Amino acid sequence: MDYVYGPGRNHLFVPGPVNIPDQVLRAMNRNNEDYRSPAVPALTKTLLEDVKKIFKTTSGTPFLIPTTGTGAWESALTNTLSPGDRTVSFLIGQFSLLWIDQQQRLNFNVDVVESEWGQGANLDVLASKIAEDTAHTIKAICIVHNETATGVTNNLATVRKILDHYQHPALFLVDGVSSICALDFRMDEWGIDVALTGSQKALSLPTGLGIVCASPKALEATKTAKSVRVFFDWNDYLKFYKLGTYWPYTPSIQLLYGLRAALDLIFEEGLDNIIARHTRLGKATRLAVAAWGLKNCTQKEEWYSDTVTAVVIPSNIDSTEIVRQAWKRYNLSLGLGLNKVAGKVFRIGHLGNLNELQLLGCLAGVEMVLKDVGYPVKLGSGVAAASAYLQNSTPLIPSRI
Amino acid sequence: MDYVYGPGRNHLFVPGPVNIPDQVLRAMNRNNEDYRSPAVPALTKTLLEDVKKIFKTTSGTPFLIPTTGTGAWESALTNTLSPGDRTVSFLIGQFSLLWIDQQQRLNFNVDVVESEWGQGANLDVLASKIAEDTAHTIKAICIVHNETATGVTNNLATVRKILDHYQHPALFLVDGVSSICALDFRMDEWGIDVALTGSQKALSLPTGLGIVCASPKALEATKTAKSVRVFFDWNDYLKFYKLGTYWPYTPSIQLLYGLRAALDLIFEEGLDNIIARHTRLGKATRLAVAAWGLKNCTQKEEWYSDTVTAVVIPSNIDSTEIVRQAWKRYNLSLGLGLNKVAGKVFRIGHLGNLNELQLLGCLAGVEMVLKDVGYPVKLGSGVAAASAYLQNSTPLIPSRI
Amino acid sequence: MDYVYGPGRNHLFVPGPVNIPDQVLRAMNRNNEDYRSPAVPALTKTLLEDVKKIFKTTSGTPFLIPTTGTGAWESALTNTLSPGDRTVSFLIGQFSLLWIDQQQRLNFNVDVVESEWGQGANLDVLASKIAEDTAHTIKAICIVHNETATGVTNNLATVRKILDHYQHPALFLVDGVSSICALDFRMDEWGIDVALTGSQKALSLPTGLGIVCASPKALEATKTAKSVRVFFDWNDYLKFYKLGTYWPYTPSIQLLYGLRAALDLIFEEGLDNIIARHTRLGKATRLAVAAWGLKNCTQKEEWYSDTVTAVVIPSNIDSTEIVRQAWKRYNLSLGLGLNKVAGKVFRIGHLGNLNELQLLGCLAGVEMVLKDVGYPVKLGSGVAAASAYLQNSTPLIPSRI
Amino acid sequence: MDYVYGPGRNHLFVPGPVNIPDQVLRAMNRNNEDYRSPAVPALTKTLLEDVKKIFKTTSGTPFLIPTTGTGAWESALTNTLSPGDRTVSFLIGQFSLLWIDQQQRLNFNVDVVESEWGQGANLDVLASKIAEDTAHTIKAICIVHNETATGVTNNLATVRKILDHYQHPALFLVDGVSSICALDFRMDEWGIDVALTGSQKALSLPTGLGIVCASPKALEATKTAKSVRVFFDWNDYLKFYKLGTYWPYTPSIQLLYGLRAALDLIFEEGLDNIIARHTRLGKATRLAVAAWGLKNCTQKEEWYSDTVTAVVIPSNIDSTEIVRQAWKRYNLSLGLGLNKVAGKVFRIGHLGNLNELQLLGCLAGVEMVLKDVGYPVKLGSGVAAASAYLQNSTPLIPSRI
């Protein structure tokens, strides 16, 4: 019946899908409903209004697409670009690689800016390309805000500055899959044209909703974008938005109510408090990694991710074995190293509905696994470093003051 | 908190999404899991094996795509066809219309065979076209097995006979959204190349899985199919099938466990028993409609659908008002008339995990609503006609014998 | 895994336990909590305040006891009476019989007033006894408001009038198990000293809470009541009420949150609307029974119960077979005849979170079963009679106007 | 709506109620059912058979009583003893105190053997009393196996040895509330006459079932036991056991299915593996306490409890503040000191469905709270001590080998 009996709770520290709050599980525990009744549009209307807040946009138009992050990418690209269009994309890890692969298969002319895995997007190269592109052949900048494979956060504000500096009209498309609702993200302020995330990341829902937000400029671009699209066509949504029925095809009733509950929790905690919590848990994790004598895959502090930490393991140890043992012995789910860093890093996801003691339990588990696989860690050292910081910085839970 | 408080239970009789069995709700009531752990592939493997049984195929390859029926359509088309390819499609109602619209937007050369709404696909015209097409310009026959808007079931065996008679190599693509797992469906026997359904229909799950099954010939066609596709590309799945990890992107853990529970229930009841139950409920509904003195939108018995009945209402009454009152007064969700039959028909969905008394409660409700809106129905007449048949034909519940 | 697989939904029409609203199921779908944290007392305080409203009392003191109705009875008796005390009790069916049995085993001197099963409590005899009892040897009147075995509702206002007329100080103890929150019940106005119900009845929760409310006079009686009690001792609760921690032993966290959700739904619908709904469903059921040509076990209209109808079946049919077939063939759960009326009646419970179409589905099912067992019912007749009345009397659902 | 929003998961480390496994939550997420249908007795039969295994009895008769531990106590006493009967009871903490209070209020002649809180039951005194009692005036030995207030486990085998040595016929009544299904417990081997637990303890269910098991000798004693009892009367159950319907009053359907799931998990893990897990977690906790430089309330190793550890805090700190801060800042629920040890100890419950990393997260939290309240703990020290032991002793999860 259950394929993964514990005992006790699974410690889910992959960088997505993440832990679902019980309140959200409860909200989703329900039968189907007729999505054409007045109730579902009324609910949808509140969702579309409120979801904009987590993008920090007032001018954007959100789409709740029954798909994954990969589908959300496709939606962003095909609605705004035409085959042959030149995009500038940054290859810095597995997820940016996959997005570039998608862009190529969708027949865009992808100008790939590659960095070593563990580094951020090379924005100097971007600046050069933009400077040179007086003919405006570059139609879009495609950038992953937070590369989940290496734990690298790119500086979006700088991208905007570069574009503005050269008054370049390229669309600014952002994969915020592992950042939105966890890291500082400002769609309007940073002039982002399409931003997207997936429900199973910081929103802490099941997989199933690709949440995409389009600026007025992006919506305008749909009129000339010739990429073939049907399922992902925003215009089908917009048609139903006007009718007030909202859905071109059947939505998941459960995910809609789940999203309502998730947004309620987010606003109850406060988006800025949530971001601060991720900052806190990210820093605590990095302090533990340092205490263990291990290296962060992320090469510079400016790129440190507060949602996922990729830990580099000495070459005599296979990081896959760490992930395997963590699951088999301690019911701890860690992230594998992917592609170029397979076997070399393991990842600790620290995003979504998570608190300090859950993280410390995870860190204690990592320590034991490290010892199990032969790395000479001092047990308790990472927990000590992390908790020294957390004990000083953790605020009272607002509802309990 | 809840937008649609009763009291009592909502009577969900739209032709999808349908009622979810409690066993399935329970199975889905769970936290996220790492889909890269050994557990999820082990689960997935059983799902892929077992889901073939509801298509009655042994040679087909199934795909569980995080999408809706519309996405499943797109997956079927783009993986097997190239822009400009000629398809023969049958326009007999709203859902066949939408599929044709998709085919056109995907740049196929769609040869539309139109019938009056309420009639089945005109297979005589198909036979002529196939007979004439000695050059094999027709690349695919696209047919909706059960047109949900009008309650019309098409004869798939005849399609196969026509193709075989002329030894025509066209692909045979079938929308089984409101038929598979409810009506007689035989992928292998009828030589269907792509068949598809959605999780929220007869499988009785939430929306979120497009379930597509491809014949070896369809898989072969992917090699030459030039339609642009990334998210819907079967080859991305096949690559991970070979690796034994199965998922090119994050699946919904909840839907996987839900599908497992749904399949377990299906096999416990028996697929043939399920089909017989739908036959029984379909016939009972039609007997009630006749007793009310109303007409079935479906024009001939050979096309009667056992999953949905579209009821034609006298022209002095707006069927939209019937649907509205049913929901507002009796907590009964009926299907609207769509497009050409908007205002003219209302629909009773009788598919999925449903039993006799639920249907009779619905029919009793319809009677009251008909009276509410001024139609001179004899209260109890439809229930009497339906129950006279059901009392004779309903078997004991197997687990309770 | 599941012992009672359908397909479709079970139609639960026993007079308790009753259908649980989905909102309540969701509220209870949660982990345990520390009941000594500030959260649980805060929740409990709202429950104790709000639960008084369903008793229509402001002066009463409620107790939420982790027990069943039988335990609630014991709590009512042992907290207010001493061994040897004379009680007047009415034997009119199985549940009054069981309460009398309990009173005897608790060593009270029970003065049993017996009526034929199907009749109400003989209040003329009560009046005589009270008139004669100038010495006030009668310490308590124990009466079941609604005898669930026969579908008889007693007139509590008359009991109060009799006591007042003779200025008799006897305690007035009422079993409201199948009446409170469904039938008109006025603890303060009728001068009831102890009233009680169980969570699985009209409150529509799982079994597990005996809800008892004591008047100031009843609380005063605890001071002299010598019956041995520990688990059921109200004073243990009162001690913790004063401390603001509320619980002398561990409560069910799930039932507390469930009760909160149940009360929220009750206030959303409105207690008077709920009572009107029960009146409506009760009347509709009786109209169906009459249309079937069957007799109500309840002998006079003044005693008709709006929460349960006991239907008398001709002597050539065993009512147990009706209940058995209903469950085996139609997934319909009806109430058995108990004790004296075993085999002679079957019961339709129509209380709790239930609506018109659910009831009509049940009535349609009863008709088919009646035919199955050989009773010459005209199929549809009961549904016709019930729906003729319901179609006229059912109001719009308030939240959907 | 939710009174205790996180973020993240509550860390529940009170010694009951404990964490409910998700599998059990799922099993309980269901509507009510007719408990008189064939399904509920069939389920009940499996429960009664299987629950005996966690008592390690084959000759005992179990009762699943809708009550709490307090009610289970009352059931054990009133079914086997008569007012005035002499019991020997051991006062070693709050729960033994409350049981003694109950015995006194039930009018037994309680011979109290008191020890300092933190010590075990004084079995030397028992031996003397038994030796002296040649007249067999002692009718029952009442002993709490594991005193939850102080973390003291008593030696039941020695009690049996004493009774056997003197061939004394006293009944041997055991409160196993915080021991059964977590500590070594052998009803038959140790000749225990009544053993009892509550569902919310090591069985890891919600509160609501008092689970009591009676030896043949205890059942025999019911024939002469004159204590007044109705709700708790075992004979009412036995009557229905014989009928095969099992229930004298309405059970909680949800708890029955929950118990089924709980037992399935227990047998899947293996009772002996569960006991070993508790031993492991208990020892790890004590190692952490020692590393913090704090004292265990339990005075000798022979009494150390593997389900709860009471930690003595220096007198300048109020342990209540520790519990309060843990909840307010870290979402960690610890046990308060009760009665004599209020303010002096706090308690860590480590029983039920729990694993190593959950415990280490808790210990990390305790360390931070200790620092918050001014105790000079070395952060990480307790986790280091505990994980050094756990890393060596934790086996692979059987289902994942």
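As written, the chains take the letters A, B, C and D, and residue 1 is the first residue of each chain.
Just so it is clear, a contact is a pair of C-beta atoms (placed from the backbone, for glycine too) under 8 Å apart; a residue touches a chain by one contact, two chains touch by 3 or more.
Since the structure is predicted, the reported quantities are computational estimates derived from the model, not experimental observations.
Of the two chain pairs examined here, B-C and A-C, it is B-C that is joined by more C-beta pairs in contact.
Relative orientation of chain A with respect to chain B corresponds to a rotation of 180°, obtained by superposing CA atoms and rounded to a multiple of 5.
Centroids built from CA atoms put chain D at 34 Å from chain C. Rounded to whole angstrom units, the spacing between the C-alpha centres of chain B and chain C is 44. Centre-to-centre separation of chain A and chain C, using mean CA positions: 53 Å.
Contacts with at least two other chains are made by residues 1, 3-4, 19, 22, 25, 29-31, 38, 327, 400 of chain C. Those residues of chain A that touch chain B in the shared complex are 3-4, 10, 12, 14, 16-20, 25, 28-39, 42-43, 66-71, 74, 83, 102, 105-107, 198, 200, 206-208, 227-233, 248-255, 327, 333, 336. Within the complex formed with chain A, the residues of chain C that make contact are 1, 22, 25-27, 29-31, 38, 400. Taken together, the chain C residues at the contact with chain B in this complex read 1-9, 11, 19, 21-23, 29, 264-265, 268-269, 274, 277, 327-332, 353-358, 360-362, 364-365, 367-368, 371-372, 378-381, 383-385, 387-388, 390-391, 394-397, 399-401.
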